[in-house]
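Just below sit the structures, each encoded as structure tokens.
The same subunit A turns up in both complexes below, where it pairs with subunit B and then with subunit C.
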Partner chain A sequence: MGITAFNSSAFPRVTPWECFTVEWFSVLAEDKRLLTGLRNSLFIGLGVVCLSVPLGLAGALMLTQVKERVRPWYYTIVISPILVPGVVLGISTLLFWDRVGVMFGASRDSFFYNGFFLTIIGQSTFIAAYTMLVFISRLQRFETVQEEAALDLGATHWQTFKKILLPFLAPAIASASVLAFLASFENYNTTVFTAISTSTITTVLASKVRYGIDPSISALAVVIVVLTLIGAAVHEILKRREIARSKLAAEVAAGNRLSIGKQTPWYFDPALIMIFLIVVAGVGTTFMAGTMGVEECKVAVKTEKQRATQERIKALRERNQAKRDVEAAQQAQEAEQKREEKEGRTGTENFNSIFNTDNLAPAEDAPETTGEPENDPSRTGTENFNSIFSTDNLAPKDDSEQENGEQDKKDEEAPRTGTENFNNIFDTDNLAPKSD
Partner chain B sequence: MSADVTLDDVWIRFGDFVAAREANIHIEDGEFFSFLGPSGCGKTTLLRAISGFLTPSQGRVLIGGKDMAGIGPNRRPTALIFQNLALFPLMSVWENIAFALEVKGMSKLERRKRADELLDLIALPGQGDKRVSELSGGQKQRVAIARALAAEPDVLLLDEPLSALDLKLRQHMRTELRAIQQRVGITFVYITHDQGEALTMSDNVAVMREGLIEQVADGSTIYDSPETAFVASFVGENNVFQGKVNRLDQSAAVVETPYGEFCARPIQRNNQDQLRVGDDAMVFVRPEAIENAQSDSANRISGEVLQTEFEGNLWQLHVQLPNGGPRITRSSINDGRATKHQVGDRIELGFSETSAIALPTGQLAAE
Partner chain C sequence: MLNYWANYFTRNGIGVGMFLLAAVLLWMVFMIILPQLYMVDFSLRANVPPPKWGGEEHVYTLEHYKYLLYGSSKSAEQFNTIDLSVFGRTILAAVFVTIIDLCLCYPVAYYLAHVARGGWARLMIMSLIIPFWINEILRAFSFKVLFGTSGLINNALMAVGLIDQPYDFVRENVALYSGLSYAYILLMIFPIYNAIESLDKNQIEAARDMGSPWWRIHWRIVLPHAKPGICSGSTMVFMLSAGALAAPQVLGGPSSLWFTQIIYKAFNNSANWARGSAYALVLLLACIIFVLLMMRIFKVKLGEIAR
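Entry: the complex of A and B
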């Protein structure tokens, strides 16, 4: 998928490889709908983070406070939005706030009918449950005795929360925020109902897929994947540094070391600098390569394509010519045969007596056609003969409209009379053999 | 500032379970007071009631003469040192120490200054910028004390703070704690299941069993004149003989046991005699009070040497009394002149009338 972003082919594909290009990134940068969707998604994502992280935290704290017997019930209830299909949540949100809006007599412009508001609310209903799970797992490792210690030292409950619990939960808040943002960003089935007229990245992508996509979507994928990888790498580095630090701390505590010493700031970490350089170099060379010589390559590809088309046309023509030659030879042979048999013969036997009166007026076989037996060629008993008596066929023109279904469209260039297939049966030779 | 603590008929119940009952204690201002008892005896419960984390089901807690009912732990003049210390791992050492000042709204500069003073007090100068995880067990211990002292409490409560330390460090910290207490002069209430800690540090000790305070007294009284069978058996080693009171006068009780008649000192409780003639009684003798039988020994026993143990400063001798009687222990100081006994030797032992005590039969501490 990522590779297709660098292929100049107008459809996202790897083969045939045409030209290495970065033009799809500029196409992406100029795609107004996609960018609006992206901006809306970012905005909604932030809104969801702001709403669902505090909600999840409150839910998780509540879980630690409720009585043992109530806990499973409480847990089941708060976790249930995850189990409800997103579509149901989306529709429910829409209907609920519509009802609320009606109750307050709000106009259609009010926030009850605002796509941002509804989407943030709708997504938060289940994303808050995700964040709650993150907080629960972190809270399980919290020593409540620390809260008691803070209280005992004179802190108020709010100070205890702010100075002890929140710092402890900080990593969980960070990961819950990332989780909430990503869950919101990639959500489609709830959003598609709640967004109303607002477009998000997923709804724009969905409509693009329906109406035809180009590799700028791959370019977007590349951007997202690269950003995610960098984020993951930075996170990993910071984690390793933390582990290294606590190991050192243990050594200091055991008396094997005097002090941890000053650690270099995290942004000076060699691995981080390496990643940064690789990314810069990769992006730089890609764009240099993708902008230099692309036009020449494209021209070359175009010429090559045209040449290939010409060759195909030529090959087709040759094939048709060969076919015609064979047909002409057969015709000549048949004419020869006919000439030999012309004594006592009408010359029309080969055509299954199509001029017999039986065939010309089949009234008893097809009563519905009695009105115009002669005028409608398609209804007469001559269908089997591919309407060879229709005026089009009888008066051949060069117009390509005359082609009937059997003809290959590729043969347009070779003008035909439309009667070739009937072996020129109306040639004067065939039509009037009696005079001889 | 320092304050006295009074528990006035405190009961603490958890549903049907009574964690503490009839607790009546007065802890003097500036005293080092210990609660001693096996785990699960309710001593931590009482401490939490003093610090305000638990509300007594009945009775009053008074600190400095003021009833503490309805006053939360953050507004009581107490500071608690938790069993696992509960230092704040995300803060540096000095921030931990200055936490109580921070929540009071003191400026950072002042906080730092006070934290450095306290670091000097606990002999960890210049370690303020370390992380808590960089400290050793004993250092963490001292930081926890400094953090509690920073709050300038009238009463410092300590919940088995030394139990996580190894023996050497524990012994060192005992002395240190006592020294700190004398320096700051505030009331210390100390919880422990280690009688050594309780006896060495405390002015007074309360021995608890199953939620009930059995005896409150200074260390030597607890050791020499335990008022109940439980205290006698829990604090220090004791040899026990069960029997019946035969005769009784002011200073001596004669208890008839299957191993002979023993003359022992009866112990009063709340200034009342506990024994009457004919009662079931127990005679307790400390191992160090048992000697080789002398001609004038008031009480004599004989048995077979089961085992000898050398403990450096002491010789421990385990002697089996005849006819399925109890095993008794004798310990004597290793002065280089101690008689060497062989396993299987018959041995005659004796103890004086004053070194043995007679108490009503009661539950003994679990071995």
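Entry: the complex of A and C
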């Protein structure tokens, strides 16, 4: 898919490959609707992070405090949004807040009917459950003794919360925020119902994909993938550093300074090398494309296409001419056959088989005639008629719609359809007596 | 009870305690429970224009559920074959996608957990994760590029000579099923991976030493150990593919509808919100039944599923 972003063909595809181009990226950068959607999505994502991270944190802390008997019920309720289809969440949020709005007598342009507000609420419902799971797994390693010690030493509850619990949870908060943002950014099922008239990047993309598309979508995918790869690489490096630091600390603590140099440096990691290579290759090819003559290539492709179409038309004309000759010859033959018909029943085996159903011989003859269509005069007429018709129709189209990607296919298919029709007719005619 | 609350506030302090309480109440009551209940209520009411909601004409009725069953809210003579068959097909297809994912992911998860080592394992995991940071719709769309009549797969097959005419994968729903299976592969791999990883390797080696063939090792040792992971993975994949909207919209063939698409149409095209919410509720019920069934079959608790 990423490759299609660099093909100059108007429809996103890999084959036939036309020209290597970066123009779809500039098309992407000028797409107003997409950019608005992107801005809205970023805004909603931030809102979701701000709402769902505290909710998830509270939910996780509460889980350790509710009574043993209530805990399974509590857990079932807060975890259920993950398992409920996103469509259902979107609908219920939309309906409920509309009701609340009516209850407060709010007008239609108050925040109860605002796509931003509804989307943030709707997405947070289930994203908070994700963040809660992140916090729960971190909290399992938390020693409550620390809190108790702080309280015993005279710290207030707020101080304990701020100075002990929050620093301990900091990595979890960071990863929960990233998770929440990403989940919000790519959510579609819930957003499509709650976003009313606000367009987010996913709704814009969905409408783009459904009603006409060009490779600027692929260009967007390339941008996202590259950003993702860079993000992944940075994350990996940071993780490596952290591991190395903790190792170092452990070794220093153990009084062992000798083995420090032994660990493999981070740049030997195959995963990192792979990511690095992909990014370099991507950026390199993009840069190359800018320096190569895109326009020249395009013109070349265009003339090449024109030439191919011309040749095809020529070939079709020649074929038709040949067929006309054959037709003329056969008409002569037909006349001859008709003469013979008067004398005997030669050449009319097909018709005989309809009537002589109990006779097996004609049924055996039928497949033989399938192999030689030229023997049947009525069929030849149909074939010629069809193919002449299609070439006449196609020729002007080919000239006018050079750029249309689907055209090639039509060219190839149309004559075939003629033959197919012809074959089918023939089959049914012949098969009817057989089935009897 | 009073004792409990007193205890709660002495343990957390007033400020933090209030914050926790308020946040959890907001989330549980105003974001989870009340909206769902209100949707149930709404689906049981007549379809009237928004200004009359809550008014006298907004009466309780079963007409939307009747419509799903019979195709008209009055007569009960014939079943609503269109909507019901779409519903049945959606559920069956979701089960199908779940099975495909299970077959694909179990070997991969086992490989990741017990065979792959160090950097390569990380590379594999990363190459599994990275595609999932791309937008859902773009992912579905890339499958359309792959499976289209002039797409990569058709061209490759034609070049090799296996087929001489492009095969319409989209019409045959092949594209949809593979797109859905691919979309939720991670949700299947990671639970199974987590479950298998905790398996003691000595058990496998002991079985091998005793002369057990590889398939029996998996059947008797690895599979039973991975059961909670398989259960949670299957539940997630089923739920998400039954409730998917983007992939069927992009990849669905002209003759195939997904149940969520009918719900979407009820909201956007025919402006019948009540019917849409009734249908959504039916979908929700089907999903809940599936989860309960999985929990019964695999004998695991809900807490183990959502991890």
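We take it that the second predicted complex is superposed on the first by the 296 of 436 C-alpha atoms of A that agree within 3 Å, B and C clash if a C-alpha of one lies under 4 Å from a C-alpha of the other, contacts with A are read in each partner's own complex, and residues count from 1 in each chain.
Basically, contacts are C-beta pairs under 8 Å (C-beta built on N, C-alpha and C of every residue); 3 or more make two chains touch, one makes a residue touch a chain.
All figures in this text were calculated on a predicted structure; none of them were measured in a lab.
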Combined model on subunit A: subunit C and subunit B, fit or clash: fit
First (subunit B), second (subunit C), both or neither touched by A:L238: neither
First, second, both or neither for A:P81, with subunit B first and subunit C second: second
Which of subunit B and subunit C A:T228 touches, first, second, both or neither: second
Which superposed partner A:V252 touches (first subunit B, second subunit C, both, neither): first
Which superposed partner A:Q65 touches (first subunit B, second subunit C, both, neither): second
Which of subunit B and subunit C A:Q146 touches, first, second, both or neither: first
First (subunit B), second (subunit C), both or neither touched by A:T156: both
Subunit B versus subunit C, judged by how many residues of subunit A each one touches: C
Partner chain in contact with A:V280 - subunit B first, subunit C second, else both or neither: neither
A:V102 touches, of subunit B and subunit C: first, second, both or neither? second
Shortest span in Å between Cα atoms of subunit B and of subunit C, once chain A is used as the common reference: 9
Doubly contacted subunit A residues - partners subunit C and subunit B: 156
Residue ranges of subunit A in contact with subunit B within the complex: 143, 145-146, 148-156, 159, 163-164, 167-168, 246, 249-250, 252-255, 259-260
Residues of subunit C touching subunit A in the complex: 4, 8, 11-17, 19-20, 23-24, 26-28, 31-36, 38-39, 42, 50, 53-54, 119-120, 122-123, 126-127, 129-130, 133-138, 140-142, 144-146, 148-152, 155, 235-236, 239-240, 242-246, 249-250, 260, 263-264, 267, 273, 276-277, 280-281, 283-284, 287, 291, 302-303, 305-307
Complex contact set, residues of subunit A against subunit C: 1, 4, 12-15, 54-55, 57-59, 61-62, 65, 67, 72, 75-89, 91-93, 95-99, 102, 121, 124-125, 128-129, 133, 156-158, 160-161, 182, 185-189, 192-193, 201-202, 205-206, 209-210, 213, 217-218, 220-221, 224-225, 228-229, 231-232, 236, 269-271, 274-275, 405, 409
List of subunit B residues in touch with subunit A within their complex: 51-53, 72-75, 78-80, 82, 84, 86-88, 90, 99-100, 102-104, 130-131, 133-136, 139, 147-148, 150-151
